[in-house]
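Two complexes follow with chain A in common, the first pairing it with chain B and the second with chain C.
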Partner chain A sequence: MSEKAYGMTVGKKVGNGFMATILNTIMIVFSLSCIFPLVWMFYSSLKLKREFNANIVGLPPAPTLDNYKQILTNADYHIADSMINSVRTTILSVFLIVMFGFVVGYILARVKFKGNRIIWLMLLMGMLIPVHSLLVPIYIVFNRTGLNNQWYTLLIPYIAFGMPIAVFLIHSYLKGIPIALEEAASIDGSGFTGTLFKIIMPICRPVMVTIAIIQTFACWNEFSFALVLLRDVGLHTVPLAMTQFTGQFSSDYPKIMAAMLITMSPIVIMYFGFSKNIIKGMVAGVVKG
Partner chain B sequence: MLTRRPPLRVIIGYLMIPLALYIFAVFIPLMTAAFYSLFEWKGGPNKTFIGVANYVTLIKDKVFWLSFSHNLYLILLCVIGQVGIAFVFVMMINTRSVKLKSIHRTFGFFPSTIAAVYVGFIWTMIYDSRRGVLNWLLALIGRDDLKQVWLNNSDLVMTLVSIPLIWQYIGYYMLILLSATSSIDKEIFESAELDGANAVQRSIHIVLPMIKSTIIVCLVLCVSGNMKVFDNIFVMTSGGPGNDSMVMAMYGYKISFIQQNMGYGSAISVGIFVLGLLVIGAMQLFSNKFSKD
Partner chain C sequence: MKRSKIILSLMLSIVLAISLLAGCGGNETTTAPAADTTTTTAAPADDTDETTAAPDASGDGYAGELTLMHFSTSEESQGNGGSDGFRTVIANWETANPDIALNQTVLANDEYKTQVATLASADDLPDVFLLQGMNTKLWAEQGLIMDMTKIIEDSPHYADYNTSYFTPFTDGDKIYGLPVLTGGTCTVIVYDKAAWAEAGFEEFPKTWAEVEEANEYFTANGYTESIAFGNSGKWQMNSCFLSTLGDRFTGPEWFQSIIDKGGAAFTDEPFVKALDYTGMLFQSGVFNDDFNAINNEDAREYYISGETPAFIGGNWDVSYIGATLLETDPERYENTGFAVLPQPEGATGSENSQNIGLGYAVAINSKLADDADKLAAAIDLAYYVTGPDFASYVAENYALGGLTQVSNVDLSAFDQFTQDFYNYSYIDTAACEIYDSYVDGAVWDVLNTELQNLTNGSTDGATVAQLTQEAYEANY
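Then we have the complex of A and B:
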């Protein structure tokens, strides 16, 4: 579909070129703004505090890894601890959300029993509940039961809040899978559990990956429940540790930036390594959820 | 549904743990909030039953309603800023003249994957009065007179805290809308680019109706997302100056954990719950009506 096919005049062509330049410029400025903080933080983290304060956007006059060395060697900052906590919390939460979501979603989709509808409605309610109305009461409940401030504390709310969407994604995915498959397996003598894990689970792999992607980001980034449920600095997850850290070094921007980059690195590397799949998964989760 | 139902005890066995966990983390706290909201309770061992007094206070509490209005203001700005700009970008990216499409997708989506806390930090640094990029830019273009301590400006603070939110999620909604437009015939976009004015009309009259259901999904997400905004505000302003950037979740947190007023904090939680459901309900009504047209 060449422009000549439309019999365009020279004037219109120039107009189009001009339009194209504007459109491209806007999109490029937008894209650059999205990674500017990452780039700015990276080269600024190689500066010393006084170098940064003298020139906040300039390149480092004498790049140094001092900030990184200090952060990683000083245990009082709890940066390394917080990363271990976040990794553990995220992996366990995501694994259990995917498994629970799969099992509950499958049962709700395929098994007729009393209470099926009620469980469905309960999960639906969980999706509609404004999460932050639970912030204070969940603290009270966890405090009373002694479940707060433990290494496993955050797993409970993360799994509970992640489960409804996981169940719904599995449920809607199974709608597209013919039931004949399971019936055939059942005739061949496969029990419920065998069918569930050996036949259905491999089929659900794509949607389980989608759930895992969405929940990995949700759990890694979650802040408010970690804030109210964890007291010991040794248990803090990354976002929480960062609020402590910035409070401590509020005027030392290069150091804050270095700490941010270190703690962001797992998620950033994952994102840029698998961005196509991650975007696909996140978008699929929204559109089908 | 399976014709040969597995034994009930198998089903119960599978459902028990996930559902117990779910009820414990969602429904028990809700009931707890309803219970403690009837007490004067500072978090210690003593509490006094005061009936609905906390709710009477809540209804008269100007700060609570101010916070709610701030949530609504954020919703308004973000519907326009996030979904609106995302739609415009989608129309632009779908024209033939825009290059580097896959870069725009990858970079644009990136901010939505990082923690709101980090976005808050980044923008606090940008707004910083002495070391911030914003004041540096103003100095660069010779407008030193506009330089200020941005987040202390009562009139601007709500708009300033909304900018990071908008910036973070434009790419997110852009990708959702892009996936919706991917099934539309390319010629609609390509012929639209021939004439600027025509392109706008086509966007509104042809493309918009075709992706209506996805737009509604985006609006629902955007509204519910902004009802629960907390992390950014906590990091950037903690609701200040005064209460000028207070939002509901932040207010509930402040009353409960900083002032240690757990009884009233519970009442606020119930308030957030009710208002949240009302807003989402209104949203559902709107979208049902909208999708019938």
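Then we have the complex of A and C:
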């Protein structure tokens, strides 16, 4: 057998094998540290509260599905309602943030008009104002206008607070795209709308996916507006529903974990369904040839 | 691949469509959930049905909507007698008042506090809600809550009220709420009588010097320390230790003066002494080393597992310890006793005090003054949920007490553990105030943080007192 295989000496192969083992070990340890919280959540959800408090990291001595049964059968928990509310609010909010963000970002980046700069600065300022300082004024406005405690209530603040970052990203992305594209489209007879949606939008797909990912997590996890603007328990979103397992003086962690695993499922389904797109969206545009 | 995408798109579309449809119909305010008391109480359904027919559970003829906001969630009511009782009597009142649509907003305690504060800021409080003692003065000044002094005096149950519970909800000579839920102790030493007897103490030591003496025995005989305590949440040191220990040094008048802004200051010598003594105790090795890193839920496990022969916590911990020991270690359950904090050296206050009270009261939105019928219904609800039906329910099922005193509580149905704790809470000890039921949360935030520093040994009592006083002057 030749000393050389694929152009490498045995010494190099051993060296590479050794390095590969070390690197793989590091990667496996790192991967396990990422996966462990999920695994821990799962087996902890099979414990009773007492068993969990007695040994937080230990395996369940007598695994039980009681937590899942209680969560799914107790109507007061509103878990199914909260999931539906969260899915609806997140999908609609993200869709509208991406679409509005794209259109506004494009107009601000490409169309010169009086007030363009002021609108741009106002949108940027939206990212600088702490949300919590606006809770009470927003509550008062929503209350007086009858917009609070409706199924669509959360869409308004989510879109409003999601827009600045979306516009900012689209605006920055479009700055790197030569205007000659639109000029060429115009020469070929494409109108404004056609150019916007048929030429520019496909080019902006990577940044739009990035916005969608950021906003999906933001909307799904948002808590403050949901707490203040919704009074009807049937309209609560997942983060609010999770709080009911925390009592005044104690928390039922196994039940919280079971509920979290149940409520994570839509996001997990979405991730597996769109994982290729998500990864493509995150890396696209990184390397320019 | 294409097929899976189609299936996924279809699934998401269906979810979206269903959720939109559900949303359109989801505008109704949640009406009161049935009292799904999943706890295994002996509460006979027939009894509660009988009480619904009682004339004092009627809404005085009002027909319409009444909004109620509280934090007795379904989860909270499991194992919490006060919450269970509260949900039960609300359900009874609803049944007795079919013409009144009682729209309840029920949130977990932390979220409740946030939302009710926001509603107060927007002057949009519900008709009836639970008022925390520390909000009383400010909300009364702002005219958000109704002066209930006359309403309380006119109550058919007034003669049976434990009037000491009204203090946190009083501003001057006006009372702004009917104290609700159960009065449970916030400071109790739960100890293993057999273990302490082995150490030479037939009952829990009366002085901290004796506790330190016992600690030498315990650490030499397989225990980690003598007393388990958890303060990672910061509030535990205040609510479950300092409120009582402070009372031993200052006496009740000092704290009443703090509440009334009557001249007392946190920098007064007796309170500084209490702080220094607290710091010294937690540095003495009597408590578990990690007391500032774990919470009460972790600390009580030290007692349950037998690592420490005692634990300090509140009534909520006692319920959990009792239920767990009964199942896992019946002998230890039988041997468990309850004691007040030992008297510190140099303290001149009551040797038998423990802080107990009702942290919340049923309050009524001041706007109801414009609607006499609705106000009558709200008052009726307030009377009912704090009245004898509630008190009897929690006494008979949990050996707990509320605002309305129940005479001749028959404890014979309960085991020794429960009887002993009832006697500790309501009979054998002297009550003192729970600090953080009063004043302002911003003051306690400072004190609680500084107490962690103090017990870690990184500051002293005088500094903690000075910083607390500054927060007091700035916020109250």
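Following the convention adopted for this analysis, the second predicted complex is superposed on the first by the 206 of 289 C-alpha atoms of A that agree within 3 Å, B and C clash if a C-alpha of one lies under 4 Å from a C-alpha of the other, contacts with A are read in each partner's own complex, and residues count from 1 in each chain.
By definition in this document, a contact is a pair of C-beta atoms (placed from the backbone, for glycine too) under 8 Å apart; a residue touches a chain by one contact, two chains touch by 3 or more.
For clarity, every value in this text was computed on a predicted model and none was experimentally measured.
Colleague: Does the superposition put A:150 against chain B (first), chain C (second), both, or neither?
Modeller: In the superposition, A:150 touches chain C alone.
Colleague: Touching A:136, do we find chain B (first), chain C (second), both, or neither?
Modeller: Both partners, chain B and chain C.
Colleague: Specify the partner with more touching residues on chain A, choosing between chain B and chain C.
Modeller: Greater contact footprint in residues on chain A: B.
Colleague: After the superposition on A, what does A:231 contact: first (chain B), second (chain C), both or neither?
Modeller: second
Colleague: According to the stated criteria, A:266 is in contact with first (chain B), second (chain C), both, or neither; which is it?
Modeller: A:266: touches chain C, not chain B.
Colleague: Residue overlap on chain A between the chain B contact set and the chain C contact set?
Modeller: 53, 135-136, 139-140, 227-228, 243, 246
Colleague: Mind pulling up the chain A residues that touch chain B in the complex?
Modeller: 1, 6, 8, 12, 15-16, 19-20, 23-24, 26-28, 30-35, 37-38, 40-41, 52-53, 56-57, 100, 103-104, 107, 110-113, 119, 122-123, 125-126, 128-141, 156-157, 159-161, 163, 179, 182-183, 186, 191-193, 217, 220-221, 223-224, 227-228, 238-239, 242-243, 246, 253, 256, 260, 264, 267-268, 271-272, 275, 278-279, 282-283, 286-287
Colleague: Within the complex, which stretch of chain C touches chain A?
Modeller: Contacts found on chain C: 4-5, 8, 11-12, 15-16, 18-20, 22-24, 26-30, 33, 36, 38, 71, 73-76, 80, 105-111, 114-115, 118-119, 121-122, 124, 296-298, 301, 304-305, 314, 316-317, 320, 324, 327-328.
Colleague: Give every residue of chain A touching chain C within the complex, in rising order.
Modeller: Where chain A meets chain C, its residues are 50, 53-54, 74-77, 81, 84-85, 87-88, 91, 135-136, 139-140, 143, 149-152, 227-228, 231-235, 240, 243-252, 255, 266, 269-270, 273.
Colleague: Enumerate the contact residues on chain B facing chain A in the complex.
Modeller: 1-6, 8, 10-11, 14-15, 17-19, 21-30, 32-33, 36, 89, 92-93, 95, 97-100, 103-111, 113-118, 121-122, 125, 130-133, 136, 167, 170-172, 175-176, 179-180, 187, 190, 193-194, 196, 214, 217, 221, 224, 227-228, 230-231, 234-235, 248-249, 252-253, 256-257, 262, 265-266, 268-270, 272-273, 275-277, 280
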